[in-house]
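There are structures below to look over.
The following pair of complexes shares a single chain, chain A, combined with chain B in the former and chain C in the latter.
Coming up: the complex of A and B.
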């Protein structure tokens, strides 16, 4: 029976409490097994040879010397990975990203891979592989890549979304436009207009665990893959497709994941490990180094955004127009489109237009990074809105409240909103003690808003009632931040049993149906829905078994507080049967008791947040320190509030790092110059204050408990919140992220002159 | 390459191993001794995920050679709990949700223990600077600092 997903406003016994996470002890004792913690008997060690050039034609690869080295068991190049993608451009790009074919497209692009008896031998073998390159002109800057003089990276890319389709190839793979109303008229109606171009530099998700896998493929065509991933079913499907395997023959087991934030939603080296294993007929372990993670996994886009917003003197925004250029790295993508869709989502606008321009550059293939594309767009919009407030002489929170989207607002990207939380987060910010706290010298306060869609998608869940009445829950979405606890809570809530009597595991790909990956803040939302449905199905079986034990009709039994009870006095006078008693009798009443569910989770509730930031700027050095930070976000319903707070805090910290320090630095030679944590500086403990959180709960009408996704929105406002704080601290409005000390110092001294 | 024979003590147990002369202690622990609690996040001493103690001193095991721990006393995350009794830091990291993905957690616990061994009553600033060599990308450090504060208070009271 399909799940009725309408919000019911039920009273909870367990959802909303804060039990300990089931993976806690394993993680504090070093027992939890991550990608690189697994070894297979007889395994080989694989390493990847990578291009030192940003753009070059591969003239020849000679592996003959390396093949002769003792201990080398297999070497692969693109010749070992025939193109089986049958015209699917996305899959072909994925294949080409995993291993360069005719050209290398970025510094770090894989050209060959070796499996040997140990790391030392593999390293020696890499040095013996000779690659002849014809170096080509390259471009790494998002604006430069659009110039007519820029080298064209793919000669078969003709801009999609313009009429007529261009006849010349370019680095602009797609254009799109969103919005409604008449912006020309809107700007004519405006009393004040703010217009700037904003830039943000490329950042990396910065997960602490490098990508790692162990592949084991037999000559009979069956394979196993142990891997750190946000989506083991997706990895399975993609690897099988690229390697010509039957999907059912490849079993993928997900390790514990040491952070992903979107960066482990794509395959990178996994097909190489599988191909090496198939060729060598041995298990192959392949772990990326940190340098490889930076150079050749999937960081986010750098961007260049033209933003124009106009308003009446009373603060009513009359028109907003954005042109957003995002790069997808060396392959076509649609990241600018996400930026354009999210840019104005916080506001109720009569006239709005956002245009996206997708750009291809000689950088690694861009992957998702927490609310992908939204933070950069929000940086531009929220900076401009703040400046507008200043020009009008209006409080920035008031201006936002005046223009905030509400239920019934037609969003800038199309849909009409149901109940949403932007207004409530703004009101909470306005009344928050943080807003009234005194500021010191060179300190300033800023605030900003953010939006994220949240996703649903294909999901399934198996609940098994074990013979002693305790319960196992098998799910297919990776636990990235405590979802096993939240799913356990929801199963316990439905079944009416103790959280301690539920064990949640992430099933391998042969033990459960396909699940989309954990992305789009969908883990707790989607798997929660499947779990609730599976639990309700298990309850039906439990009631049927009780009916059998009492010899009464099935519909004369109800489930309450973990017990089967007769529905009324007419049904008979039986003492309640516990899940334990029903489970113990299962062998005589029809066999094992289980509940299953497979669904496409629709109706993910959109998410909004408002952040408040205090910073102090040292005018001598340009160094900025965040002194106080508050996150206010709508969770719909916080299933496990502590882990919701953790998502708010973690996203804010990443956003602060993005705002102040983090950036990919490419040299004129097109090579990445800071591929390590020393030079790509993410926030450390002494860089940050405590991050205060406030969870608002505006129920998602499309979830029985009201749950919305919570994982991503928290990274959207910080770039602008920090920039707005900087503007108030030292009177400089920076339009280029990160606001690193040299940029701040330059702006301060420019203002003095 | 001929191996180096090393006799050492890890978590109180006598251990012998043979390693290459250029092999980091981290690789010895993980690949030769099966102790995968110390993690490799960078291999260059920047992330602290591989933190261990050598003769009581906090080090990144990726920057120490296996051959260097001859005759030394090495402490790893596998030795932090005593039997089935978790160390107060371990308990408080779970109770305060000081971990999300958990990959940095063993390193943080080793670093936090080294800090509290030296300074049982650290200020917030001392905790933040004491743990500044360990990167966490999930938590924003908030709940980590709170877990260490709670542990320091608890251990002083005990």
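Coming up: the complex of A and C.
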């Protein structure tokens, strides 16, 4: 039965309630097993030797002394990881990122790894490995890397997307352009034009749990990996490919996850742990330190964005043009493209052009970070829109309402929108009590909008009815934000049983078909679709079994409120059979009862949000405090409102940290200066106000309950919302994120003089 | 690595003096253990001083307060007499780390880190505090400001242990205050800090003052010109302006990940001014 994904506007019994999450008690009592909580009998401890240089040629690696140290069981270098990627640039880059081959490309790039009987021995062994480097000139700044004088990091990168293809290699791997209309004409039609260059510094997702895994490869070629990840199937596929294993022979079990936010969407040290285990013939545990997480996992890009927006005096935007430069770290990537696609998505624009320039620098390989690339683009666009409103003398909310995209609008990145929520979030913001609250001395208020695509992807689900009539649901998407509760609610809703009678688990990679990772806010949307379909398939089986028990035709049975009932009086006069009764009889009616589904979840509804921020600035120190913050976002349908609110608050908290204090600071030597939570300043609890949330529900027509992804959009507006509030508080437009006290004080002092 | 927990100062000193490798004193451990776990320090000997008699005592006498080397931050905050006499000293020490860290961290440990940004130290220096040092050659007492030498280095010799901090008896109408700048609200290290210790006459005129700045030079610095700006004043706007200017002029900061030269220089004056106002009020000034 193909799943009818059309929105049904049904009345819910379970969906929309707020039961406890199934992983909650284990997490607050310390029972939950995270990556580093796994241990295997006889396991070795692995450590990675990392480059102290930003850019250098590896002349020689001498591991002989380390190998002789008692307790060392295996040492690997790139020689132990032959290139099996057969021309797949993406996989080759991943391999090279896991372990440097001819050159080290950033401070922290792995050059060798050791497995020893304990940490102390492994540490000693690292010190005994001698690496001869030929230091090369480096570049860590996104604008510097594009200059003709910059050292070229890869000599086989020729800019894609320009005609003709350049003959000289450069640090610009790709350019692209999106939009429609005629911006030249649009700017001629404008009465007022705002134009600035905006910069944002590199930030890290800041997940509390460092990457950790235990790898165990047997001499028969089978392997197991216990790992903290956002996508164990993806890790399995990538590790198997890099190590030359059959995918079926590598079984990956995902741990609980202490945060990922995009940073755990592809592999870092896992192939090293597997290669060490294979070489040592022992289980190997590899845990990154916090310093390693900062230096060599996958933070997001730093950016430099030229933004130009023009409008009529009545507030109609006539043209918008952005040029977005994002770096992908030391490898080619397409993060600027995401920025260019999302930049103007909130608005209905006649003339729009956004151009992306991808940049390679000597920094760690950039990974996704919650609505990757969108927050920086929104910072530039929403700052310019705010300034435009000021120049016109129009309320910034009204200006946005006037230009907001709606159903039927052709988006700046191509597609025509279905029903969307940007207008509704703006109207809600306009009428929100927060907007009308008085402001104190040295305080300012700002607002901003944000967009994210959302994603669906490959998903499958197994539902099993146990002999006592309770139900297990096995899914393959990692639960990063309460999705097990939401999936449990959807299964309970379909089956007509209590949420307490449904147990949702994340199955290992040998127990289900391939599932894409939890990214693109797809967990609850796509796994929800598969779960609803699997439940409907299980209901078919349950009805068939009831039919058998009653000895009537299968199509004469209907399922209502967790019971099989005869379809009508003609079908027979039988009392309803509960799921418990049908399950108890299963051994005599055809065996275990299950429902299965696999699908590619299409039609993830796009998502919009509007945020409001109040900030207070100390004019003598530049120190700022967010006093009040409100998130208004369209959820389509909030399956578990508490966890939807949690996503709204979490994204806002991360965005506020990014806006105010978080940044990667590289020294002139190309080394990261602040690889720790002391000097990489994420906000602590006392830094933030309670973040107020408002859930709007504009149903996604492509989901039976109307669900849209909610996890990412909440990080898109904060950079701009905070910047707009700050600009209103101090009377100066700040164009460089983070707006740390030294930057703010400098701007205030510059105005005074 | 060897771990020793002697019960007398003498044996602690002997252990440290005899060790040929890298030796460290362990009190609260909030710095040492973190550095060891992070692989930044690999000591050959750790001498835990917490079993030594008196190290947890805060005693008040005719000459002032004696604070044992292992007294944790939280115990300072719970000692009403100490808080009343030296509120600036206590508020500085209580800013170190977090609630959990406060249960272990000590002022002596904070001092022996040799950090120019140590929160526990500027108010001690402003208060003319001294340290009692036990070593292979006996005991000596030196002013707190003579302990740090340069970032991460202190003047103690091999085998020496600071056993206690001495805070002098307060004249009437005296108080102190400490302020630090951090971008966050807690769990951070001072970008700039200022401690001010004041004694007023009966009419609210500043009789005596000492102004100390942290994180603006290789060591915590005393700023006599800033104190001079306050003495004889009732903390009027002109005196405060002069104080701020003197503090900014005394700064020799660096640009680093925590702040710029420009920022530190400006904010040092702002904090000193604000700390002076707090200390003045606490000392009974109006």
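Assume the second predicted complex is superposed on the first by the 753 of 753 C-alpha atoms of A that agree within 3 Å, B and C clash if a C-alpha of one lies under 4 Å from a C-alpha of the other, contacts with A are read in each partner's own complex, and residues count from 1 in each chain.
Following the convention adopted for this analysis, contacts are C-beta pairs under 8 Å (C-beta built on N, C-alpha and C of every residue); 3 or more make two chains touch, one makes a residue touch a chain.
Just so we're clear, the structure is a prediction, and the values are computed from it rather than from any experiment.
Of the two partner chains, chain C is the only one that A:660 touches; chain B does not reach it.
In the superposed pair of complexes, A:684 makes contact with chain B and with chain C alike.
Using the contact criterion defined above for the overlaid structures, shared-chain residue A:742 touches chain C, although it does not reach chain B.
Looking at the shared chain after the overlay, A:8 reaches neither chain B nor chain C. Touching more residues of chain A than its counterpart among chain B and chain C is B.
Shared-chain residue A:510: touches no atom of chain B or chain C.
In the superposition on chain A, contact of A:407 is made with neither chain B nor chain C.
In the superposition on chain A, A:210 contacts chain B only, with no contact to chain C.
By the document's definition of touching, both partners, chain B and chain C, reach A:289. Looking at the shared chain after the overlay, A:673 reaches chain C, while chain B stays out of its contact range.
Once the two complexes are overlaid on chain A, the chain A residues touched by chain B in the first and by chain C in the second are 289, 677-678, 683-684, 686-687. Chain contact summary for the complex, chain A toward chain B: residues 20-21, 23-34, 36-37, 39, 120, 205-210, 256-261, 287, 289-290, 480-482, 642-643, 645-646, 649-650, 652-654, 676-678, 682-688, 690-691. Against chain A, in their complex, chain B makes its touches with residues 1, 20, 30-31, 35-44, 46-47, 49, 76-78, 80-81, 86, 90, 93-95, 97, 99-106, 109, 125, 127-129, 131-146. The touching residues of chain C, when paired with chain A in their complex, are 38-39, 181, 183-189, 191, 256-260, 262-263, 266-267, 270. For chain A in complex with chain C, the residues that touch the partner chain are 123, 289, 291, 620-623, 660-661, 665, 673-674, 677-679, 681, 683-684, 686-687, 740-742, 745-746, 749.
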